[in-house]
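Please go over the structures that come below.
After this come two complexes, each holding subunit A, first together with subunit B and then together with subunit C.
Entry: the complex of A and B
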């Protein structure tokens, strides 16, 4: 692909980040092919939030849509970052996992079906704690099962980012697509500062945060497969590209020996400058060399 | 509430394998060994504290970059070695306080390291290896997702020092803007929030709760009985599907995860409509 960051002119962009989860999901399908499953009218709400005096949402912040992308069957699951920080609860988690399992079953029946997951999430919903964590473990198991048959594409577009347990789910993806505005990491800066002090991570240092977790750094160090503008047609184009590309020969998360060797070679005596890190990390397989 | 000591993992690893050392070339924080278990030869894995670990934020029993990638390579090795033979059981002995919270870890993509370990466990399960997680102490958050939560069967000690949770109490209180006391009150009433392993058992995710008088100093008799439980879990895993559906089909889950079950039923019905 050749549209890394310079394709659409800024003025003509149609922001994807400004769309809500339902609109984002719809925008990725071939026009007129998508329908929502377990939508708000089914009222599948969290049973745990009302017990704690928190108003639930009729879709639990998770939108599931089925339709066609690049002419092929696909399911899109989108988390709504505006509801409880896109966190994974029992219901939102099960919607996602069940959708992937149904896609997997279709593949096994000879009907190729890909999955796209839109991640705007801080991870586990702490009000549902252990059921949220269990949901992520089960989601990860379902990603592993599905990606044998069809690509599982994770898209991070907005500024909520993808953190906590859900970053592991993203790590299992066949392909990762990010905008410059998006972030991907296991522990957010606030959590690190709380646990290990401001010397370890100054969570008020916005530049540092994006230099480490931001889409550009992840792309350049080979940890994301495509960097896109906040432009709906460009993002939909990238998703079509990866759906058409199919299952990769080797998933990133399966290349344990490669990454273990890279970690072994790192000098851990001091903190790293994220820019300099690119050079010592990118020995092979990274996008720095592809550019 | 229990304090994490990091000794339980080593104690149980030694009880099962007769040693407590890393494999050649591995960091000191990951113990790996093959040892007899029933009629099988099983691979045992355990993450333990290493006060001299290369990464400063992973010196107290946290699962960091080296730990996760070492687990991943030691599991992938088993998948590769057993490709054309009987699939060795893999036993994850779990006593991990958390993932490593550090800037170096984030820069070098600890999310991918953790995913790589989970990938290895999950891929081994899909390949037919019985994966058993034995929670002997703490199993927290990202650390448990990395090491243990992809198992076919999860067993845990019925003991106050055992804790499975998404986040430790102080941090969870901060994030949800509650006091630790208030969180404790909710945690007692709402099973998924509880820090008590007996409440966790109500969620239906566990295969069994095992009683051991003192998990830091087990008797020979207790070790034999835990081994027998592991053998039983392996046999059960071998005759069941390789996915995780058992977690939703248990008697407890049918009660506590009604919403999950309803989501699956309704979503499947709507999926098939065209």
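Entry: the complex of A and C
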């Protein structure tokens, strides 16, 4: 492809990152099949934020939609990263958990229903403290219940990324899809810098952060299943692919022995470079799992 | 957070509701719904206190052109008057398309 052609395809790309949570969710369904559940006019907002002088959002930053993906019933839950950093509060957590539980009940009644979770989140909403923590615990139980019947797909498009307790929830997913712009990690860069100092982790060093938490690194080291461009049709394609693929033979979180073995082998006496680490954990063509 | 309410006279029935925006830094969310009677009611919750006069100026101007009988709820996270104006116009556009 010529440089010109490449430039045009970049410019004409339909960015997914630029969409809000509602537009993102809608874009993943077969056209005309989606409807929103508990939308903004139902006003299921956080009762805790106004008490602390913070303006709530009418849907608590959590969009739930039901419809069809690749011709099969599916529920999509999308967190709005622009509202309180996509944080999980009591209401947003309950919406997400209830949506997955209903999908689970449908599967048990013989109606196969997959779930797609769009994560743009820093984790627990600190203003709702224990209720946010409880919400994530419940969500994890719901993912575990549902993933036996149907795939639970987590999509991180960016640019917030997925951190804190929600990164643990994502770890339970059947499949993880990421863009290069997205990040996935337990402790966010700012948190590490705040706790251990700038010598430990410089959260303003974007190249370093993306080399560690970024989608490409996560994909190459086997912590994500698909790396996609910030392109709406390509992302919708990837989601359809994993919905059609069904429940994986073995979930990532069930491969404890593989990851324990890998971590044990890491020499932590020196400082690892993200590139060296990538070479060490690269899974492409590896038959490590069979050993 | 400050709560502000305004009423404006209305002449016209509105058929469709509209939801636009997000409660993100420098932005706001608007929920516009049809209402009974000849009045438009605006209810604002804003994260920035002390700007009642500015809100009034923006809405006074908006309601010189708009005459729908609606309930408008605004959840604001520090949007500038220009952004508020654009979001209001967007909400009307969505409800009337």
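In the analysis below, the second predicted complex is superposed on the first by the 274 of 291 C-alpha atoms of A that agree within 3 Å, B and C clash if a C-alpha of one lies under 4 Å from a C-alpha of the other, contacts with A are read in each partner's own complex, and residues count from 1 in each chain.
Heads up, the rule we're going with is that contacts are C-beta pairs under 8 Å (C-beta built on N, C-alpha and C of every residue); 3 or more make two chains touch, one makes a residue touch a chain.
What you are looking at is a predicted structure, and each value in this text was computed from that prediction instead of being measured.
Visitor: Contact-wise, after the overlay, does A:41 reach subunit B, subunit C, both or neither (first, second, both, neither)?
Guide: A:41 contacts subunit C only, not subunit B.
Visitor: Between subunit B (first) and subunit C (second), which does A:80 come into contact with in this model arrangement: first, second, both, or neither?
Guide: second
Visitor: One more residue to check, A:20. First (subunit B), second (subunit C), both or neither?
Guide: Once the two structures are laid over each other on A, A:20 reaches subunit C alone.
Visitor: Quick one: subunit B or subunit C, who's touching more of subunit A?
Guide: Of the two chains, more subunit A residues are contacted by B.
Visitor: Would you check which partner chain A:119 touches, where first means subunit B only, second means subunit C only, and both and neither mean what they say?
Guide: Once the two structures are laid over each other on A, A:119 reaches no partner at all.
Visitor: Per the contact definition in the header, classify A:191: touching subunit B only (first), subunit C only (second), both, or neither.
Guide: first
Visitor: Given the touch rule stated above, what does A:58 touch, subunit B (first), subunit C (second), both, or neither?
Guide: second
Visitor: Going by the contact rule set out at the top, does A:238 touch subunit B (first), subunit C (second), both, or neither?
Guide: Once the two structures are laid over each other on A, A:238 reaches no partner at all.
Visitor: Would you tell me which residues of subunit B are touching subunit A in their complex?
Guide: So the residues of subunit B touching subunit A come out as 54-57, 65-66, 69-70, 72-73, 76, 98-99, 101-120, 122-123, 125-126, 141-142, 144-146, 149-150, 164-167, 171-172, 174-176, 186, 189-194, 200, 203, 205, 243-244, 247-248, 257-260, 262-264, 266-268, 270-271.
Visitor: Please name which positions on subunit A make contact with subunit B in the complex.
Guide: Residue positions touching the partner: 37-38, 42, 44, 46-48, 51-52, 64, 66, 90-91, 93-95, 98-99, 101-102, 124, 126-138, 140-141, 144-145, 148, 164-165, 167-172, 184-187, 191-192, 194-196, 200-201, 212-213, 218, 221, 223, 251-257, 259-260, 262-264, 266, 268, 271-272, 274, 277, 281.
Visitor: Provide the residue numbers of subunit C that touch subunit A in the complex, in ascending order.
Guide: 1, 17, 19, 22-25, 27, 29, 31, 33, 45-47, 73, 75-77
Visitor: Where on subunit A is subunit C touching in the complex?
Guide: These residues of subunit A touch subunit C: 20, 39-41, 50, 53-58, 61, 80, 82-84.
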